[in-house]
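After this come two complexes, each holding chain A, first together with chain B and then together with chain C.
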Partner chain A sequence: MNTHTRKLIKLNAREGLGVSIILVILFVFLSVSSEYFLTVENITNLLMHSVFVMLVAFGVMFVLSTGGIDLSVGSVLGLCGGVTGWLMMNGTNMWLAILAGLLLGTLIGAFNGMIITRLRISPFLATFAMLYIARGLLLLFTINEPIRNFATPEFAFLAQGYWLGIPMPVWIALAVFLICYFLFNSTSFGRFVVAVGSNQEAAHLSGISTNSIKIRVYALSGLLAASAGILLSSRLTAVQPLMGTSYELDAIAAAVIGGTSMFGGKGSVTGVAIGAIILALISNGLDLLAVNQFYRLIITGLIIIIAVGVERYTSTRAKTA
Partner chain B sequence: MTVEEDQVLLSLSGITKRFPGVLALENVSLDVRKGEVLALVGENGAGKSTLIKILSGLYSKDSGEIRVRGKAVDINGTKEAQALGISTIFQEPSLAPHLSAVQNVYLGRELVKSVVGKAVRAMNEKEMYLETARLYQKFFPSVEDLHRPVGELDALKNRVIEIVKALSVDCSVVIMDEPTAALAEHEREVLFDFIRLLKAQGVSIIYVSHHLRELFLLADRITVMRDGKNVATVNKEDTNIDHLVSMMVGREISNHIVKEKVPLGKVVLEVSDLNRRGVLKDINFHVKQGEIVGIAGLAGSGRTETVRAVVGADPIHSGKVVVDGRPRRIRSPRDAIQAGIGLLPENRKLHGALIELTVSQNITVASIKRILGQRFVLKKRKETLIAEDYVKRLGIKTPHVNQKVRFLSGGNQQKVILAKWLFTQPKVLIFDEPTQGIDVGAKVEVYNLIAEFVRDGGAVLMVSSELPELMGLSDRIYVMHKGRFVCEFSREEATEENIMMYASGGHE
Partner chain C sequence: MGNQSPEPIVQPDSDRLKSLRIPLRIDGQIIGLIIFLAVIMIVMSFASEHFLTYINLLNILQQAAFVMILAFGMTFVLSTGGIDLSVGSIVGISGGMTAWLLYHDVNMVMAVIGGMIVGTAVGIVNGLVITKLGISPFIATLAMMIIARGVLYVWTGAIPIREYMSSSFTFLGQGRILNIQFPVIVAALLLLILLFVYRRMRFGRHVLALGSSEEAVRISGIKVDRLRIKVYALSGLIAAIAGILLASRLTTVHPEMGKNYELEAIAAAIIGGTSLAGGKGSLVGTALGAIILFMIKNAMNLLNVHPYWETIVVGVIILVAVTVNIWGGSARIRLGSRKALKEVKQS
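Up next, the complex of A and B:
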């Protein structure tokens, strides 16, 4: 038993080795090259920036693990943040408004799942269509007057407040991380998610209702996107119609950097968290080093390729070496 | 025994390969002579497939030397292997499911022809088709399937297409890793004839199989592997099955099926008027407590379709399933498991194994409730203990139960799937080709487990292409032909001849 667990730890440690190395290298490089990097203020700031993509990416990781994809999360984030803001602007109680936003995100996700499983439309197309629909709905909401001046002090506290010197969004992300970690690793739901992604037919023959697992996964993704949207609207205290655009790509990148397979059957909650922090680190570092906008994009792209490459290399080494 | 240097086509010396926690090959040396059939045997996980993958360029060896016609070579990738004249049929199906047979056979080396002068060239569809059809027709008379995506064809046809693919390459060595798994008797004969033909043309064949009997029809020499080492290479004339088995497992075992008589109880599973248009017609049968019932038939006769229909994996147009006297509506495998019926499916790679999951996760996935504590929390410690118990009982070769199933040898994957279904502890267990790819020692183990299951009051329905196995275990045998149950034999009445007669439609 003991030798077994030890071996297991060794193998798992190797699987996340690549991303951790990249994280450390970036960290050390930035500490050396910018005197502003390693300050409490900058690090909190950086963590705080990673939270929004991270929340979305947790959900996307579940979806990818079943072998699906969710392109609608960016728009869902915008729409649900917008709806919560709009409701509060029109006098709804803050908690009710938040609940409504979360519920809407969950329903949209479940709807995605239904379309995919019942109509057998590919996840790519179904969620791509939802990307447009949700964005369009948000534009309708903002057509007459912009959504702003809704943030009560309590609402603003969610994303701008501190507790024990640490920003609230970081606490929220930590809580969500723990819940997702538990869901993914310790419940039958998490087990079924990877089973469906590994071999859908075999999972079905093993008595798993693959359709219900898929619907739940998309619902979870919608719920988490909505929570990120509400948090972002609290942070910005206004909702622009384009809020959350292209978040789906950042979220997928964070998940894949963290070792999630785009073909299903493999995912990691810790990996996602590290992936999201790496993305925030890159953007923060480029800010500090005052890199020109064009180079920023190129460098970001290159670092993503390197990060994924290193992770793939170290984890295949772990298997065949 | 000395051999002329120029008779040796392929020579391996000191090949070693290590995976994390497993020494898969240790200092393996062997020669393959021109125009011989060299059989490779050994228990599950002995290292046969690993050796083959090294020869075909899929894995790189840690140390050792490979010589082709006396020249030391490095083989990186299947293309290089093919250029050296080595062509391989792998144990796990490796066809692209969305491509047709013709496209698969010529994948990556499509034939071309000039259209306008020399400059513009197009694929020579006609020639590729003709050549594929020529080889394919040696197995099946009808070529209408050649343009359909191979994913829509059954396991047997896929196998044949892989064989055709390997043979269509100009090669001096053909390696076959368990090519007859899931092939029926007469289809094997066709393959054997073909192998003899190749041999007569001077092609060497490396042949891996767990069917020791067929080796004596085919092989010139037999190499026995155990725990990653080659134990011995013997001429066919100098050995017999018992000798081979004792070398493989390193101890004496009996490979005879002993079926003990269990008193039969009430009817556990009763299926009546099962119909699926164009596939199954008026199927009626029952299985009693303590009984093992076999279904015999040729490939394509509807055996797999029948058992899939019973567990709700395929849609049916009519039919009634009664379990323990209670009519059950079964529309999905989930319903079947809840009703107490488990199906071990035929195709390991497509339907059985969750290769990205670990051994223990695979074993518990169909009965997750039994390791679920309060509030949906998995009891991982309990799961590990259960898995370790099955690993021990079935002799599954794996460094630990948290190994991903992807890294297990084919036969060991099959054992994991068996463990999964045994752990569901159903009332009725349906096995579709339960021992495919399993070594002789483990087969006896599996038979014992099946016997133990019925002794404890379970009922078993079994499909198998291996008549000796089917006849040795079953209390009763149904014979299928063209989607119908055409006949029923008791254990005493069943003979190979009368089963084959009904199975091939000779009674009509």
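Up next, the complex of A and C:
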């Protein structure tokens, strides 16, 4: 019994190993090669940039852990940020507007889940269609006038303010991280998510309502995407119709770099956070080193491949050990 | 009892042989798509007098041809249970290669072959990363999508490639045979060739088998890794053909050329009844899917619908098409099982 638990702990410790190594290597490399990298200003800046993708990636991680996928998060992010901005532009109370944005995101996510479980359409397709639909709705929303001039000082404080010298979005991301960590590792919901992802039939037979778990997971993903959208609209103080385009790809990349399996049954909240920071670190580092912006795409792609490869290598080693 | 038992064994066997012999097997799904297409055409011919003209219908085919060609390759990849997100970038990079070679006065045939080699090579790299590094197709081709686009940017310095057109190269994208645009003819020819590959050649059968059960394919002694690499190479080659045609059609290669084409290609294949889980695909369905997609865009254009509606309509159509597919499929299974039950009862 004792040795068994010890083994479990070891396995867990190994899980985030690959990503942490890459993070440390990138960190050391950048602090040696650029004198501006290791300044408080730059590090807070970097964390700040990682927050938006990180929030979305937490939700995507839950979805991937059930063996599904959510491609609609980028569009949901844009739409919910847009709706919050639009409501505030028309004089709605800030908290009500935020609540409406979050509610809309949750509803869209739950709707995704309903389509997937009731109509039995594959998650890829259902959320792929929702990607188009939500983006189209935002485009229609902004058809007459762009959404801007809505940010009251309190609303702008959400993404631009500082508390104890640390930007508010970082605090928000930290809070969401803790909640997600608790939800994923210490509640029955989190365990059920992993169970559904590793063997849906077995989970169903042991009395887990797989459908309701799935609907809740997509709703959570929509909620987190909406929160990222609201933060982003506060940060940018205007909502472009194309806000959040291709965020789904960044979020999936962050989740997979962090050791989440695309086939379900395996995920890590810490890994996702590190994955999102790695993505931000790459873009920050390429900025500081003044790399030709056209090389960035190539380097980003290569690092994704290397990170996923390393993660897979270390996790299979951990399994056999 | 003993005398009756051989009969049901013989019958399905001859059925299967028949379905293999007919190259254009028509099933319920294809009929459903044709009905859908017919409904759009009838409604539109009443709604707009410009719709049902020879020129407009040819225009739709011409616009659909590029995505259709890409979607053929995508059908193969999806049939194995994989996905290829890099095709849009391959369109850009191989079209760019051909244009660049032409600009430097290389023979046109050599330039076209050069573009095709680039596309195939990118596809092979995709296959190698997926099989040898064990990275999931989604992530591997996503990274390749980013990398290939980046290479195109670095290579062109973000300046469009221009002034490479020669009269013979112009023909590829803009020429007509019997008043039909050349890209449409290429798409039709590719459909026939790939139908043969998909239905009649060992490669096509292996691809479908791989999508249904990788383990079974491996156990029957087929080299799974090599098969998978070939499929991604094929997808790259087909994307390169689309890219070269597009380079000729647009007369300039912008570094953004082909962006988001992968999404339209996936949408066309899915509307046509190809399963994302693998093991099921239809090239004729894919062709019809691409035509439906562009016919709807054309119809909305003619009806002066604001282009912002387009994304919503495309999303809804994907949902409707897939739901109909699934319900049609499960109804067929239910009917089949009822028939089987009857047979069991009778015997």
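Just so it is clear, the second predicted complex is superposed on the first by the 313 of 321 C-alpha atoms of A that agree within 3 Å, B and C clash if a C-alpha of one lies under 4 Å from a C-alpha of the other, contacts with A are read in each partner's own complex, and residues count from 1 in each chain.
The definition used in the following text is that contacts are C-beta pairs under 8 Å (C-beta built on N, C-alpha and C of every residue); 3 or more make two chains touch, one makes a residue touch a chain.
Model, not experiment: these values are computed from the prediction.
Participant: Here chain A is shared; do chain B and chain C fit on it together or clash?
Facilitator: By the criteria stated at the top, chain C and chain B clash after superposition.
Participant: Contact-wise, after the overlay, does A:L249 reach chain B, chain C, both or neither (first, second, both, neither)?
Facilitator: It touches chain C, and chain B stays clear.
Participant: What is the contact status of A:V308 with respect to chain B (first) and chain C (second): first, second, both, or neither?
Facilitator: second
Participant: Kindly classify A:M89 by the partners it touches after superposition: chain B alone (first), chain C alone (second), both, or neither?
Facilitator: neither
Participant: Could you look at A:L289 and tell me whether it touches chain B, chain C, both or neither (first, second, both, neither)?
Facilitator: The answer is neither, since A:L289 touches no partner chain.
Participant: Tell me the contact category for A:L99 with respect to chain B and chain C: first, second, both or neither.
Facilitator: A:L99 sits against neither chain B nor chain C.
Participant: State the stretch of chain B that overlaps chain C in the combined model; pick it from 99-107, 297-305 or 333-341.
Facilitator: Looking at 99-107, 297-305 or 333-341, the stretch of chain B that collides with chain C is 99-107.
Participant: Across the complex, what residues on chain A touch chain B?
Facilitator: 1, 3-4, 7-8, 11, 186-189, 191-192, 194-195, 197-199, 201-209, 261, 264-266, 318-321
Participant: Flag every residue of chain A that touches chain C in the complex, lowest number first.
Facilitator: Residues 69, 115, 119-122, 124-126, 128-133, 135-137, 139-140, 143, 249, 252-253, 256, 262-263, 292, 294-302, 304-305, 308-309, 312.
Participant: So in the complex, the part of chain B that touches chain A is made up of which residues?
Facilitator: Per the stated touch rule, the residues are 19-21, 59, 311, 313, 332-334, 336-338, 343, 345, 350-357, 361, 365-366, 368-369, 372, 376-378, 380, 384, 399-402, 407, 420.
Participant: Mind pulling up the chain C residues that touch chain A in the complex?
Facilitator: 129, 133-136, 138-140, 142-147, 149-151, 153-154, 157-158, 263, 266-267, 270, 276-277, 306, 308-316, 318-319, 322-323, 326
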